[in-house]
Amino acid sequence: MSEALLDVKDLRIDIVAGGTSHNAVENVSFAIGRGETFGLVGESGCGKSITALAMIGLLKPPLITSGGSIRFKGQNLLELSAREMRKLRGNRIAMIFQEPMTALNPLSPVGRQIAEMFVLHQGATWHEAEKKAVEALASVQVPAPDQRVKNYPHQMSGGMRQRVMIAIALACNPDLLIADEPTTALDVTVQAEILKLMQELCDARGTAVLMISHDLGVIAKMCRRVGIMYAGHMAEERPVSDVFRTPAHPYTKGLLSSLPRLGSRGSHGRKRLQEIEGVVPSIADFPAGCRFEPRCDRASAICVKQKPVEVDLGNDGFVRCFHHE
Amino acid sequence: EEPHPGGVINFVAPYGSSFSSLDIHASAQVQDEFWTKAIHRSLYDWDANDNKPVLGLATDVSVSDDKLTYTYKLRQDAYFHDGKQMTADDIIYSYTRIMDPGKAYPAAQYISNIKGATEYNQGKAKEISGLKKIDDFTLAITLTDPIDPGYQLMTNYTAIYPAGAADKPDFFTHPVGLGPYKFSEYVPGSRLTVVKNDKYYDKGKPYADKINIMIMGDASARDVAFRNKEVDVSVLGPAQYVAYKSDPELAKNIIEVAEVYTRHVGFNPDFKPFQDKRVRQAINYAIDSDLIIKRLAKDKAYRASGWLPVSSPAYDKDSKPYPYDPEKAKAQLAEAGYPNGFEFELTATQNESWGLTIVEAIIPMLDKVGIKVKAKPVESSVLSEAVPGGDFQAYMWSSESGPDSLTALRCFYSKTPQSSCNYTKFNNPDYDKLIEAARQAKTDDEKNELLRKANNLLQEEAPVWFFNYNKAVMAYQPWLHGVQPNSMEMAIQSYEKLWVDETAPAR
Amino acid sequence: MGLRLNLVIGGVLCVLIIAAAVLAPWLAHYNPIMDADLMNAELPPDGQFWFGTDSQGRDVFSRILYGAQVSLTVGIGSQLINTIIGLIFGISAGYFGGWWDDLVSGLTNLMLSIPSLIFALAIMAVLGPGLPSLLIALGLTNWSWTCRIARSSTLSLKSQGYVQAAKTLGYGDARIMATQILPNMIGPVLVIATLGMGDAILSEAALSYLGLGIRPPQPSWGNMLTDARELIVIAPWAAIFPGVAIFLTVLGLNLFGDGLRDWLDPHMRTRRA
Amino acid sequence: MNDCPEPLLRVEDLSVHFPVQGGVFSRSRRLLRAVNNVSLSLNKGECLSVVGESGCGKSTLALSIVGLQAPTSGAIYFEGKPITGTVQPSRMGRAQMAQIVFQDPYASLNPRQTVFTSLAAPLRLHGIEAGEVEGRVEEMMRLVGLKPDQAKRFPHEFSGGQRQRIGIARALVLNPRVVVLDEPVSALDVSIRAQIINLLLELKERLELSYIMISHDLSVVEHMSDRVAVMYFGQIVETGPWNSIFDNPTHPYTRRLIGAIPDPFAELAGTSLVDEASAPPPPAGFDFYPKEFGKHDVYSLPPPSQLVAIDVDHHVRLVPAH
Amino acid sequence: MLRFVLRRLLQMIPTIVAVSLLIFVIFSVVPGSIASSMFADGRGANDPKLVERIKQEFGLDRPVYVRFGDYMWQLAHFDLGTSFRTRQPVADMIGERLWPTLKLAFAAMCVAIVIGLPLGFIAALKPGSILDSLTMVGAISGLSLPQFWLGLLVMYLFALTLGWLPSFGYGDGGLRNIILPALTLGVAPLALLARTTRAAVLEVMNADFIRTARSKGMNSFLLVKWHVMRNALVLVITTLGLQFGSMMGQAVVVEKMFSWPGLGSLLIDSVSLRDIPVVQGSILVLVLCFLLVNTLVDVLYAVIDPRISHG
């Protein structure tokens, strides 16, 4: 890959509160090229959202980025001033959040919430901005956009609201869109529509996407490359097809085989699902060595003592495991 | 010093936080006398210096031999604020109105001694037969009893309205009277302003141009306002009395007077221990009244040595109050069969001079002789229902004991019902005889002598604990002059006699 | 910040007041009622009378200690009544819904719409001054907050899995309310009760001022303060110490209640952290 | 509808309507028709899955079955005996018929009670002797794969998966015949889901349980169910054996639902689960009901329609064509 | 909208009826009467006949239910009856006193809003700062002061020691006289408002949509202006409405101590004089004020918050 749009290297996020400090995210590295869609999967609490927030500079205490770099078009975002970051935020890097129900201001008409983007970043007057908002709403395929701009969020369905969020995010044609589980709260049928819409719009504008999800299906559908996170570590980062065909990390492998596969019961009868024993460790007691070690069936002595390092797998991929396949 | 006309007086009505009504006939609140005294006049007036009623709206009176009919020559120079001249009709109108059969005006108690008043009130007569207009300026009043009507007809509650006044729609928002000041403005609950009546009959008076009568119930607020020079007079409570007396500046302008109120604890004879005179006396011995007066009342009271107050003509200057003698008290109690004392409930209101504050001081004193007292705090309107109703074991109250001594002492006459004012159901044949004789007495001296005896008997019998007579204390600003020692009610001043000098802050 | 400062300060103040009340008979040098020597009236604070004496010559310090008993009785007693009424009405209204809920809501709104001090005043006028009347008056007038909290907590707890499960497991309604719902709303109810105690102590003072408080000579901070108002120029200590006692107690209760709320409400916890 | 003698549980023509208030400025009180004339039957040992979009009335149906929601009309029969309406058994009686496992493992346990209390209290309530209670709780803990000594702990000391196990243990502690599973795994981490799915299937075999399972996740539905009912806006639009539904989805809504599943393996293989081109036409003289989506109003009464058998035990909702 | 207001007004009727009933019952068993109150100060002899006649004139000798029926009948005709004490229509008397009370209440509310609202805002925007701690300590202290004690203190300070302001009374109804009572009455709501505002702002600042707004690249000023203010206000408004009610109650004490000629002092006087029609009328009017203010709050609420108006 030539120069990546976003290049994250060894990102580290700590939770510092009242004198104690815990590590939440460590050694996270990945790169997203222009116009590329990159997926980030992992279980709840593994650090996906805070990684995403770090990209856009919205981490709030007690969370702090304590190491690594985030290069956006060559600029290290961690070194920018608050003012410079504000200029990028929304304008060049935009974000969509998980909960369409609460992510919009309930007391403000959606049109205005879209228009704010134009006022903020393009110096438009409110009047112009409101007009542009109608166009923006039309572009996310909301019917009767000139009426809908006057609606308040509660008058819209979840899918509609998520469209509004997309309209806001894409209003200034950002280079990078961070989508943090944009469809988790939606019905499958609506999810399909929204994903399709996002794909189309981003393709058309050449917007790169960081797609966060815990649904492997969504990732497989949307992304070319995927990073799999486990307990604040990037377990492996590879093209999607490789991951599904030949999962290298034992966690990825366990995850894939624990999923019931549609159609497999028809052809092979009901088989007992593979389980990953144990539970995800909590931040306060992450193991010192490999964080998956307590649940891993391949674990050995070294896994307990030492943190695994990235192992290059070729084809722009790596895995973080001593015993990878 | 020559009275100085002009200026504004900021007067204080200190007892409630509002005037109840601008119809004084309908009111029974002392608070309302403050504005009445400015706006209205009654047939008689009270001479605060001589302690007796004097003619006000009449220039002359002649009394019939049976002492029942009084014929008044009315003033011809008295004009109502609306310009109308006062005539006998106005007086007849006013007294008749007070006895209105459809209404229960409290002032009726002062008129009911006029012949035919009660009949009229009960609807049995068309008019009050005892009121006769002889001509426009001559009025004859016939009484039911040979008493001096001055005491009744001087009260502010029997103020004279212009005839037909009550029919005027705005009379009770803009009262019109004969007084030295004319109504100007009323801010309900806060202030009533009156302005000088140039046509007041007492020529040369009043002096001040305007009086603001402010309503201030709260003593500490009043204190602040007085020190802040916002008001020209302030009635002092005990604590303030001390403070003012010890302040060299404030101490200069304090006026004190013995008011005609006797503070006491009444004993209900229905409660067994109180049937015994020795018990009642024991309580009088057991309480160190002087100490209480000195320390708690801050000397703002005169020790009571009987029922009649110091200013009463029948007051016996030689009579001694009960001494403080707990040993004697114990002995008396033991004799009466209560060597270990007993317990009683003392009903009282929240009042620092004749209420719970005093009760609190009594409790430990009586405790020393074995009597346990339980305070029963009540609101004043409850006290005045419970006491005439006999619903108490003992009560503490302040009762009017003047200016007419006979009226005051009749409250212990056995035929006076408890519901009227014989609250302790006092019943003593010797006493009754003295009272009856006093009623028939030919001369004042004879009457006063009899009443003195009755009063002494009363003290001996001790139907009450004789606590004190009120010493009313009023502080006034140095620029205010003409303040009168009114023993009826210190704070109620004849405004026409007040004046302010040029040192008064311009307001 | 591990321990909440307001909880600690509030707790310490409350413990001190409770200790003062409980230990009053041992701490007080004088009998608060009978040791009244008018010869000692209005003495300033000194080694003998730590907080001076009042107009009756009673030791202000001793009276404040005994007054703590009254204030705490008023605070705790009235809140106990309020809490019980509020919980019974609130939980049952939230749980059963329907006309009963409408009725209780109407009653709550009614209680809220009459200023509670005025309501208490009216009740005191009927019952006459005294501690029992005060408990009743303050206990009957302030339950609407508890009731509202209890009702809304019940409404949200009612749909929680474990309450629903209890129903399917055959629990009776009373048992569900007592074992599944009540224990889970103790926190906010406790907060309301703590704050309510402060209010009750202030109301006692206000009612005393209006002449409808505790029966003298029993000392309560409210009536001590009312009595001493007149003395503020000549014997300020008699007014200042009870005022400070009320202030510190209510402050302690408010701080404690506040701290309790922060501590119980995880939302606030992350917010503050 | 079924030629078996009498199903274990039969839901007949069940409707649940909620009265709701409009906004403050409007005084209209409307009926929200959450469940409309639903009929279902559950045979012994069977797992019946109910799928459908959010808000279509699945949970309401589930709650009615366990007696937590009184039906507006219709009836539910357990072993042929009605358990709704005036003749319904007491709560205690009902407890042994059906129990429920909730979606949210965090809200489904009383935070103030130890696990032991949560499991033992219903036993005591149902008159199990004190001596036996402990043994039974221990047995239940083992059954759901927890250590008996963990019963002393409070819920917050457990992870989500473990709580869901406790929830299952509580549902089973009274030996119910039917267990309603309301999205039992959707709140759980992906790596934990398999554990719970396996446990549920195991328990079903071992204890001869019958399940009514509600789920969004069609891959889980396919894996677990024997029969499937597809709901849309309070009505069942298609029902049939699992293989019939997944191999031969007929109703457009079912096809849409299956088509929308982002299945990673299908995605990568580039195959799609349903082929839009080969959508089966409605039987002659009928239209599918509903034909169009997204234009539904939960407040109005749906037009009359019927479930028509198109295969053995496979029914689809249709309206006569005009 | 109009219909909503009308409906809310209609909904007050049951509350009003219930309040009347409650008050009526309470004051029909209260000891003492207008008659006895006339002799309360010990002047003159008690006159049992007069007492009888007074009871007759005001119908106090009739059975309670008859009186209540009468009372409700009057109320239904918007007639609050006639004062026992002044024989004036109660409505007139209340009318005279209502304005000062409202003036005082609004002035106190202004004190609370003008100081409390910004204070709460500032405290919330810098949580944990010195200013925040000071504000909150101040707020809790403000809630812990006995009101009449506070009143005494301000009176001594501002009127006596500093001599800046008149210590009491209504004066000519101007600003100088209202300051001290409004301050005394306003401290508690001020403190409460500062706390509520702070909590509300913190809550809003924590909401998801604030994160969305931040992700748009907004600075803090615009964030507060566009997104925080209205949302926080919605949470604060309810407190304001309820606070108004308890303030109406506290006004009794404050009015009494500052000799303020409002409804509160009328009420207190009338209670002690047992002028029952006035007591009932004043309480009813106080309740009505509370209900009206809260209806206003509801309307405001619905206007600000579209979720409520559209259901």
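Letters are used for the chains, namely A, B, C, D and E, taken in the order the chains are written, and counting of residues starts over at 1 for each.
Operating definition for what follows: a residue touches a chain if its C-beta (ideal position, glycine included) is under 8 Å from a C-beta of that chain, and two chains touch if they have at least 3 such contacts.
Chain labels with UniProt names: A = Peptide ABC transporter ATP-binding protein; C = Peptide ABC transporter permease; D = Glutathione import ATP-binding protein GsiA; E = Glutathione transport system permease protein GsiC.
Keep in mind that this is a model prediction, so the values were computed, not measured.
Counting hops only between chains that touch, subunit B reaches subunit D in a minimum of 2. Across the structure, the highest number of inter-chain C-beta contacts is found for B-E. Chain centres here are Cα means. That of subunit C falls 49 Å from that of subunit D.
Chain geometry summary: the mean Cα position of subunit A and that of subunit C are 52 Å apart. Chain geometry summary: the mean Cα position of subunit B and that of subunit C are 43 Å apart.
Mean C-alpha positions place subunit A and subunit B at a centre distance of 89 Å. Annotation for subunit C: residues touching 2 or more other chains are 125, 128, 211, 229, 232. Along subunit E, residues 31, 152, 156, 256-257, 268, 272, 310 each make contact with two or more other chains.
For subunit B, residues touching at least two other chains, in rising order: 220, 349, 378-379, 382. Within the complex, the subunit E residues that touch subunit B are 31-48, 50, 53-54, 56-57, 85-88, 93, 96-97, 100, 152, 155-156, 159-160, 163, 166-170, 173, 255-262, 265-266, 268-269, 272-274.
Residues 160-172, 175, 179-180, 183-184 of subunit C are the ones touching subunit D in the complex. Listing the residues of subunit C that touch subunit E in their complex gives 6, 106, 109-110, 112-118, 121-123, 125-126, 128, 198, 202, 205-206, 209-211, 222, 225-226, 229, 232, 239, 243, 246-248, 250-251, 254-255, 258, 267, 271-272. By the touch rule above, subunit D contacts subunit C in their complex via residues 63, 66-68, 90-95, 98-100, 102, 104, 107-113, 118, 121-122, 125-126, 167, 170-171, 173-174. Subunit E makes touch with subunit A in their complex at residues 207-209, 211-219, 222, 226-227, 230-231, 234, 304-307, 310.
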